[in-house]
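In this document, chain identifiers A, B and C correspond to the written order of the chains, with residue numbering beginning at 1 in each.
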Amino acid sequence: METIVFSLLNGVIYGLLLFMLSSGLTLIFSMMGVLNFAHASFYMLGAYFAYTISEASSFWIALIFAPILVGLIGAAVERWGLRTVHVNGHVAELLFTFGLAYLIDEVVKIIWGRNAVDYRVPELLDFPLFELFGAQYPAYRIFTLFVALAMLAGLWFILNRTRAGLIIQAALTHPHMVGHLGHNVPRIFMTVFGVGCALAGLAGVIGGNYLVTDPAMAVQMGPIVFVVVVVGGLGSLMGAFLAAMLLGLLQTFAVAIDTRFADIFGFLGLSETSEVGAISIASLAPMLPFLLLVIILMVRPRGLMGDREL
Amino acid sequence: MTVAALSITDLKKNFGPAEIIRGVNLEIEKGERHAIIGPNGAGKSTLFNLISGGYHPSSGSIKLNGAEIGGTKPFQINRMGLSRSFQVSNIFANMSVRENVRCGVLYSMGYGYSFWRNVGNLKEVQRKTAEILERVDLLDKANLPAALLPYADQRTLEIAITIAGGAEVILLDEPTAGMSHSETDRAVALIKQATEGKTLLIVEHDMGVVFNMADRISVLVYGEIIATGKPSEIRGDPKVREAYLGDEADALEGDAA
Amino acid sequence: MSDQTVQNFESLAPSAGQKFTQRVLPLAVFALIILIIPMFNPSNLMLTLLNVMGINIVFALSYNMLLGRGGLLSFGHAVYFGLGGYAAVHAMRAIENASYGDGGFWASYPVFFLPVIGFGVGALAGAIIGWPSCRRAGTPFAMISLGVAELIAAAGFMFGSIFGGEEGISGDRMNGPELFGLSLGPINEVYWFIAFWTILGTVGIYAFTRTPLGKMSEATRDNPERVEFVGYDPQRVRYLVFIFAGGFAGLAGGMAAVQYEIFTPEAVSLAPSGMVLLMAYIGGIRYFAGPILGAVVLTYMQSMLSDYSEAWLLYLGILFMAIVMFAPGGLAGIVAGLFNGLRADDRSERVSKWAIMVVGCVLAFVGLVALVEVAIRWSNGYGEVFEPFGMHLPTASVLTWVLIVLPLAAGFAILRFGATRNKEGQA
C-alpha cells in the first residue's frame, strides 16, 4: 500500500514533468513537422539558467525569466537556423536539430563545467509538507505538481479561449491550411518554436532541482520526450498528456517492483542464478519507454490519439 | 467469348461518408482503346487508383484477364500485367533518362531484387531499354538527367516508364495535360505507336485526343458511368450532352465536327 | 537509321574508357594509396590511426547505403557494428580456446577471416530488426532505429555473458592458423589485415550500388510510389538494403574486433551511431567517396584534435551544423564544386567569389577558436592562459576580446557581403 501511494504520487509528478517537456515538442512537431532533437537541450538550458539566476537573485525570479530566456533562444534558432534548412526537407531539419543538441551540450559543459551544479530547491519550499506512512513527503514535489497543473490550465486557456490559440489548433491538425488563410506562417512557426522551447525551459527550472542538473540531463531526457510525442500521436496535446502520464507511472512503478524474472517465470524452471532469471523488473524500467515506442510505431503508427500517421 | 482484359463489376468506393465511385460496371476487351471522360470531380482519378491498386475498393470487383485484383497491392498488379502513368510527372528525377526506363524494365526481365549482377552487364536489359527509348523517340536524350528534361519530354518519359515493363494493359492518366497543340499531336501519335496491340485505358480532358484515339468511350459523372459506346454514339447521346454543360458541350460538338 | 541505333544499344551506356576512368580508376587509386602507405614507414601511432580510419571508412560507407542511397535516416547503425564486433570477439575467444584445447572447427578458423563472422551477424541482426523497421521510411524509420538502439544499449549492460558488462569482452588475435604469413601481432601486420578488408568492403559496397537492387534502392529513395508501379515492393527493397548495410557494418565491427581485441557495451550505444552519421553527412552523402572522406577527416579530428583542444566536439558540432545549413553536399560536394568550377567558363568570377568566402570563413573561424579556447580555460578555473603563437591571452585582457570580436565580426560581415553579392548576381 505504502509503495503504491508513493509510486502513484511520484509517477504523477514525473508524468506531469514529462508532459511539460513534451507539450512544446508536440506543438512544434505537429505544426512544423520538425521532430526537434534539441528539445531536451532547451530543457537543460532552462535548468542551468535557473541555477545561475537563482544564485544571483532568487528562485522566483528564475522561475519567470529562465523560460523566457530559453524561449528567446529558441525563437532565434528558428529564425536564423531552422528556416534556412527548411527548404531541404524534414531529414535536413532533423539533422540540424541533432547537431544543435551536440552544440548545446558542449557549450553547457564549457560554461557550467562537466559536473553537476548545486541547483537546489528554494529554502521556502524545502520542508516536508506532510507525513505518509511514517515517511515525510517534500513540499517541493507538491509545488511541482501545482506548477505543472497551472501550466496545463494556462495552455488550455490559450488554446481554447484566444484567437492565437485557435489558429494554433487549426495549424496542429491542418498545417497547410493556415497559410492559405493569410496568416504569416514563418512568424507563427517562430513563435510556436519559441513558446515550445520556453515550455521545455520551464520544465527545466522545475525539474532541474527535483532531479539533477548536469550536462547529461539532455541526453537522458531527449529520447523519452520523443517517446511521449510519438506515442501520444501527431497533433494531439491530449495524447501527449496521456502518454506522459502513462510513461511516468509505468517507470515509477517498475522501479518500485523488486520482482525478478525468476520469480515470475519460475514455473518454467527459470532459476534465480541464471542470467535471465536475475533480471529484475526494476532494471527494465529505463527500457520500457523504448519498447513502447517501437511497439506503437509498429502496431499503431498514429499514436494513442493522433489524427494522422507520423 | 474470350476473357475481357479488364472487367469491373459494381465497383464502389467511399471516403468516410463521401461516396466517390457509386457502382461502376465496365468491360474492356483485349486490344481495345478505351477512353474515360467526364467533368472534374467525377471520380476518374479515383477509378484509376482503384484499378491500379492505389486504393482499396469499398465493394465490387475488378478483374484483370479474369483474375481478381481489387485490393491487391500496386506492385502485384503491375507484375500481373497492368501498368499506369500519372497525371503529374512521376519520374525518378535524380536519374538519367536511360536509368529511368531501365527501372521500368528490370523487374519484367526477371532481375527483381538481384544483388549479384552488375546492371551494366545485362545485355538484354540494355537492348530493351534502348528499344523503348527509340519507340518514344528519346534516344538522343538518353543520358540527360531526367529532372533537366523539358516538360513535354518528361511526360513522354512517364509513358516510356509505363510501357517499359511490357504490360498488356496500360492506363494513361491525362497524358497530354499541359501540352501545347503541336506537342499534343506528337504525343498522340507516339502513344498510338507505343501501345500498338495493347489494351489501353485512358483518362483525358482533351476531346480531340479522345475522339481521335478511342475505340470506345465511357462517360463518368458523379461516380457512375452514364454512357458507354463508340465515339459516334457518345457524341449523339443526350445524357452526355446534359452532363457536359455550356462550353464543354460546344467543345464536344466542335471536336466532333 | 533507327534499326542501327538499337543494334548499337551498347553505345548508349558509358564507353569502356569512361567506365574505366569513372569507376575502376578511382577505386584502384584508393587501393593503391592504401597499399603504398607502409612504404613511408609510418610510426605505430600513425598506423593505429590509419587502422581506425579503415574501420570507419567501411562503417561510414555501410551507413551511407541507408542514408545516402536509400534515404533512410538511422540513429542506431552502431547496433550492427557492435553486434558484428561482439560476435567476432566471441569467435576470437573460441579460436583461442580451441587452439589450446581439443581443436575442432574454431582451431582451423583464421583470425584473418573474423570480419566474415561480423558480416554474418550484422546481416542477421539487420534481418531481424529490419523487418519491423523498414515498413516506413522518413521519421518513423528514424524513430524506430532510435528506439531499437536504446533497447540494445540497455540490454548491453544486462546480459553479461554476451556483452561482458562494463569491462566488455576481450580476446587475443594471435591465435589460430596464420594467413599470408601474418601473425597479426605487431600493428604493421594488423595494417595489412585492415587494408585487405577496407579495400574489399569498399569494392563490395560500390559493387552493390551497381546491382539491380542497388539501383532500385536509389529509385525507392527518390520516389517510392513510382517504384510500386514498376513492379517493386518498396518495403522489400528497403529491407534487403537494410540487411546488407547491417552486414557491412558488422564487417567493420569484425575489423575493429581484431584491431582493439576488446568490445564494450559502449560500441552499441547512441554515441557511435551519432558519430557515423556525422562522418557520412560531413563527408557528403550524395557521393560515393563522401563517407570515405568524412571517415578520414573525422577520425583524424577525433584522435589529433582532441589532443589540441578539449572543445573538439564543439568544433565538430559547428562543422556539422555549417554543412547542414550551407553545404548539404558535404566535403565531397565542396570538392566536386571546386573541380567543376575550375573548368567552367566564368572561372575567374567563381574564384573571386570563393576567395571572399574563404577569407570570411577563416576570419570567423579565428575569432571563434579564440573565443572557445579562452572560454574553456576560464571554465576549467586552473588559471591556465590561452597562448597561441607566443601571444598571451588572459580572460580579462582587452587584446583578447579584440582578437575575438574583430575577426568574428569581420568574418561574418564578409560572408554576408558575399551572400548578398551572389543574390544580386543571380537577379
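Quick note on the criterion: a contact is a pair of C-beta atoms (placed from the backbone, for glycine too) under 8 Å apart; a residue touches a chain by one contact, two chains touch by 3 or more.
This is a predicted model, so every value here is computed, not measured.
Engineer: Spell out the chains that contact chain A while also contacting chain C.
Structural biologist: none
Engineer: Using C-alpha centres only, name the chain that sits farthest from chain B.
Structural biologist: A
Engineer: Nearest whole angstrom, what separates the Cα centre of chain A from the Cα centre of chain C?
Structural biologist: Here the centre of chain C sits 32 Å away from the centre of chain A.
Engineer: Quick one: report the Å distance separating chain A from chain B, using the average Cα coordinate of each chain.
Structural biologist: Computed value for the inter-centroid distance: 50 Å.
Engineer: Whole-Å distance, chain B centre to chain C centre, using C-alpha means?
Structural biologist: Between these chains, centre-to-centre, one finds 44 Å.
Engineer: Given the complex with chain C, which residues does chain B contribute to the contact?
Structural biologist: 52-53, 73-75, 78-79, 83-84, 86, 90-95, 98-99, 102-104, 106-108, 111-120, 122-123, 126-127, 129-131, 133-134, 139, 142-143, 161-162, 164-165
Engineer: Flag every residue of chain A that touches chain C in the complex, lowest number first.
Structural biologist: Of all residues in chain A, those touching chain C are 35, 81, 84-85, 88, 90-92, 94-96, 98-100, 102-103, 105-107, 109-113, 219, 223, 226-227, 230, 275, 279, 283, 286-287, 290-291, 293-294, 297-298, 301, 309-310.
Engineer: Going by the contact rule at the top, pick out the chain C residues touching chain A in the complex.
Structural biologist: 71, 73, 132, 135-136, 138-140, 142-144, 146-148, 150-151, 154-155, 158-161, 270, 274, 277, 281, 311, 313-314, 316-318, 320-321, 324-326, 328, 372, 375-376, 379
Engineer: Quick check on the complex: what are the chain C residues that touch chain B?
Structural biologist: Interface residues on the chain C side: 2, 5-6, 9-10, 12-14, 19, 207-208, 210-216, 218-219, 222-223, 225-233, 236-237, 240, 244.
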